[in-house]
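My questions all concern the structure below.
Letters A, B, C, D, E and F mark the chains in the order given here, with residues in each chain numbered from 1 onward.
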């Protein structure tokens, strides 16, 4: 039973004090699960694609809990390995202007950080799929995890799958030098790269007057065929303006701009990635940018990292449906 | 023990996931009760009028729960009948831009859908009251319920009560044709009709350059004496601008416009209706529009369908009280 | 991808006021999902078997919610049909002596009540499976549902699957006469029947001095090969004694008796059925009775209808593990 | 619109930390309302009688909240006065053996403590009613409140109503001397007195070998016609055995004994009083003892002070209905 | 073990219905503690100063609860006296435009209202400290409390401590005349006064064209050396613009203006006072205004009265850190 | 400012699903803090002694949260060091018979595991104190932590403090061999050892016919002067019988046996230790056993690890106060 898309990465248990409390105040924590590549897989399933998420989890209640929620969201957990190591956690504080939201990671020594290039049989696992997606976070978890990402991308290219990577540089996980070296290598096997202009400059020194210029720079340097990203105006914590942008073959695509009232901003970029891949599966980056912009915007309105929406809702938003109560 | 106002309609148990969750995510649901005509009766009680709500409920825990809450809100449940049939339910998802709030109804075969023209002894029940109010939703529930609305309006007119109807067209409950035919008949017994310009056009083909023109059209066609409605600018889900408008005897009334921060938009139109009737009971549509605008605006700030406010608060708002903490 | 066991039945959304409240008091309801055949399928998955649940659900948020939770619990929802009709609901009040717990059903016109003998292609759907399980509740939902149960059992027998039915007579769903007629027909295709002595007598007039005698009566009358049931001493609502019993080929099996502190009694019988089938899949009714007793007893300690336990925990209980905190 | 029973007393807002927390640990408090005489009025309404509750409340949100809940429970608040003074509060900690539950009162200077003999027009207010009930707590609130109780009892006797008082001695509210003097005076106007043997001895020095002897002592001393009380065996906090007892005209009545699993013990004695009066209204103390025992036992199973039960449930308990889930 | 700053005032238990409910709707209340002078002491501790809070509390669970929370927030409770009297309470309703938030006080006869000039040995208690802070609320509680404030200020001046007072006029606690007389006396011993222009005019008739003019007026009249205050633009309840302002020695200081998304506005002024004193301890009113503006703005984002922030966060805000998620 | 008692150990953040949920079901977790030595320190403070807790915490929100709660409970955090490393966590599932409660530790690489013999200046830190207490868990955290325990005990003995250790063997933390070697060394500096007979045998091979025999064995082997322990009969998870036992100088002390209804069993042994030390500080092991039995029994009734009780409550329990509601 093959799926359309395979993603690879870590899912952490997310613990957040309710109602804008600081962690110091908390007497209870809301529990969600999330991780960039799972979030994207869920977005794809909600848009009508099938998806599997590859990872390693500890053989305990927290590992089971994560796998349960993966299946609940409609994503296959068939390829998850249960190994030694912890379940990664992160603690989230919701903010309000002028206090930004903040995340405290507690993910060291997680099960997935122990994987190696050989943990998964990528050719077997990817057979029959059409796309493989990963983010730079997975590569940052450990050298073994970076090797596994490399092996996965190679296998995917060998099988003719489309491939995408979201740069997602996280300074707490690795140095600029390590990230530049490892990610630079991985990008050579990627068809689509999702990158901010800041990361492109910080990691690779690629700059430009505008998004097309930066995209051309990445394309020239790494041979990727398409570059996409998020546009965000963030004057407040509870309200942003949001859009998706993409560039390929000399053409720039920009989605509609959305005013978003923000319930939970986490996972919005990953939902955007899902929209992009949804379009790419139809060979249409413009469609991907449109769906990515709408799905990413809508994600802000939903608690947790996962985009609990469906294709009909995304399409109604694309068509400019208003904000009256739907009855 | 007669009351000032009698209203007739369905109350449903409302179930909503907390904190902007989608229904699919829910592990608990907040329970409220609400229904257009009850909401209006409660608004009147909060403004100092007495009111009774007429309906049919199932003889089970949910039916009792609804009646309890009706009394809690200060409205008489003396005329409620307990019959076969279910308790209507609705599931509410709170939205955030660009995701509108949405309602999933589960009200088929409710107790009130089984009433007929003879279920209630309207002349006895209305004796001593001064006003009767209903909405188009009641008439849409079943042919029997429509007959009961007709009987109630006839009885009210016969006893000299003021009468009002809120068109409230709901496409999920009946077709345009049925609604136009039934509502057209009922309007002939109404003194005040609350209608949006969209409904006036959709149901009756009544159009006009502005609100007075549409109101004149409805007055000419159905013999009603006053027409009122809601003005709303809704650029976002959490924030609107809101006002009431009324027209009668060639004169247009418009309330102040209110910036509203929206906790719960449901029942705002019904609270507006309460303000209107409060004015009409004093023979003063202008007062009704002012109170309707203020009570309707304030309702947005309160969870649940019911306007838990009082006359003093409404009047302070009318007088432009600011937004500092009241101590 | 075939599974070990297929079950067929309704899942309802279960809504319960927290902390022993009466429904009339409720301001929020805890939401779980449950249905006899799903509960059993989940129990089998937790014991290490694979299982699929067959049903019909409405194409709305509640239907999706149910399917999500089915997958979360590790059961396949591949064969679920989305059709017209409602999502069945039930409202649960938790009791305490001398007040029994109580259930208010609101399941009329559910999607599954609209299925017919032809809705599912049973031979295709059951191919590769080893066991089919259903309860009398499914047959009671509508004549069409009863026909579908009949078709499923016939197909299962034709394919050589083991089959089991839990009588589970529910007086609110059908009359004794209808139940006796329909269930009598279905039993003829069952290998294992789970029945209380009370139901055996009430429906079929089968009585006896003890469990073996009643079991022999059912075996003689319907040709079933094994009969099993629950033993319960219930002096209080929060504490019972519990065991499983089974009879086949002239031999009586009884599990250990368990003192149970009751968090949530619903689904205990369905968990017991899972244990029974787990044993039957190994051709060992005695093992089934042991696992059924332990899993059924453990289920009482877990909120919701589903037995969130695993094989290791069941086995530790079978081996008499004590009640000290496990660290 | 007269009612069957009128009661007079204080209702406090009750604030309790959830789940057995100590107050010192609390970050939220569950809010209920309760007061002996309201609890009894509610019990009567649930058994099918009509009842009004007389009191004084402050003119603020807390006062309104209390009145709302009174009406929600089906009791008339028509005679409530809104005056100066606070809303009485009490803080409740739920215990577990060996820690008893405990109450911290914060009721000083409550609105009702300011009433006088003239605050209420008792003859008008009681006209048409059949029974008046009060407890010693009301008399203990202030000399004015004691005067009002005296006036009420006199008026009730003058109008031919049955009268009852529950001694309910509270050492924190008044001294033994004051209580003995005031209550001794009030008892002379009571038909039925509800008293523990401990209170009878402590306040009046009335002792005896058994309940009939004590009852005879009270009857001889104060001219009351019937004496009733609670029987309780309380080896633990979460589990008691409970029964009602009554004595009149030389005859002893004892209800069935109930094993009770205790969700919330507060108000059980007041529910027992409701059952007693329910019987007395039919001139049948034996019936009163039976209903009092059953309603009092059932009350233990419900959170809050109010007995959210109905006559059918009480009667099923009287008939020995078992503890299986009611479906 | 002396501390940097000593404050003196009442802490009340604060009870608020969740999620914008009106008190009338509440079934549970969130519990926090707060009081102007404690809030300021906590702010100072969070900025790195040590602080003690002086007060009187009742010897019961509520009194202990308050003291626990004082210590939890890092403030010393060493000098708290346990006496007769109640624990002050206040009930808070959160609003939304056009409904302002509101507070219902229930603080009469609190323990601290019973203190006198002799309750505390101020010279001993203040020895070693560098600053003493109080608000007009403490002085308003009772004549004895006002005497105690006077004694404290005298002792502080005698020991060479810096002193500050926040006028904080509360009309519900005392008359304009009493406030003017008492506060006028107290100001003569204050180095820094925090005052709104409205209070300055209302209490003392001090007016002026702008803040410096008003400040000069207060300085001339009472001999204070610095005057500070809050600047607020409040077009909505959920969103304000906020800044601090200060004036001394002919120089005006104004902090940055902050757009604040408001979770909980209470205590923002007290946090501002903490920032002011933090600067004054370094002899730098300008620094105080900057820190006061930032800490006050940030406080709006945190539930409860206390500013759960730290110096690093305040400094990042002062340096214009953006609103992206901090990882 | 010296304290009576100093304890040394780890505090973890404890996360538990509410209402008997399994971790796999959890959507929120209740947060408490606890650790054996803190629990004991809190018990001592509640009995009227002063106490400080020595530990290392990470310099992040979780570390601050722990320190806040330590102070909230009245224990000094003055000697806590902030270092690298994680904050230890543990996940707790509450059970019900036949399912035991269970704990999942996630404490690897915690800040305290990085301490060494030199991290704390024990002689300075213990100066002025009268007792030092620790448990075997601290020694098990790392060799450095074991060294620190050794240094502390040596310093305590050098300064003439009483010393106690609770063996508390945890198989997940270290091997029998390591534990026996390390603990054997530490016991030589202990005056009082708290040990189960099982641990005494498992670690040291010390056995005996009864508690005095085992105690004599430990005294002979390690030179300790007193041995104490817990007696528990645990037929169910929600109900136990509990007592304390102690032996010294040839004399056996046993507390009263308590029937305990169990809200939260964690920390009961640590509360017992507090009672023991409370007696030892008065040179009275018999008093210690009595207070230990009562405080330990009472602890079962309180959520969280900490014994939120006071001396008056413990003494009322010692005097056999009943289980009626305390008003």
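Basically, a residue touches a chain if its C-beta (ideal position, glycine included) is under 8 Å from a C-beta of that chain, and two chains touch if they have at least 3 such contacts.
Protein names from UniProt, one per chain: A, B, C, D, E, F = 2-dehydro-3-deoxygluconokinase.
Quantities reported herein were computed from a predicted structural model and do not represent experimental measurements.
Chains that touch both chain B and chain C: A, D. Within the contact network of the assembly, the step distance from chain B to chain F comes to 2. Minimum number of contact steps separating chain B from chain D: 1.
Counting C-beta pairs in contact across E-F and across D-F gives the higher total for D-F. Centre-to-centre, using mean CA coordinates, chain A is 40 Å away from chain C.
Rounded to a whole number, the gap between the C-alpha centres of chain A and chain F is 45 angstrom.
For chain A, residues that reach two or more other chains under the stated contact definition are 18, 22, 24, 27, 68. Taken as a graph of touching chains, this assembly fits none of the simple shapes: it is neither a line, a ring, a star nor a complete graph.
Every pair of chains meeting the touch criterion is listed here: A-B, A-C, A-E, A-F, B-C, B-D, B-E, C-D, C-F, D-E, D-F, E-F. Chain D makes touch with chain B in their complex at residues 1, 68-69, 71-74. Taken together, the chain D residues at the contact with chain E in this complex read 15, 18, 22-24, 26-31, 60-62, 64-65, 68, 86-87, 89, 91, 93, 104, 106, 108-109. Residues of chain D touching chain C in their complex: 18, 258-263, 294, 297-298, 300-304, 308-309, 313, 317, 321-327.
Residues of chain E touching chain B in their complex: 19-22, 24-25, 95-103, 105, 170-172, 234-238, 265-266.
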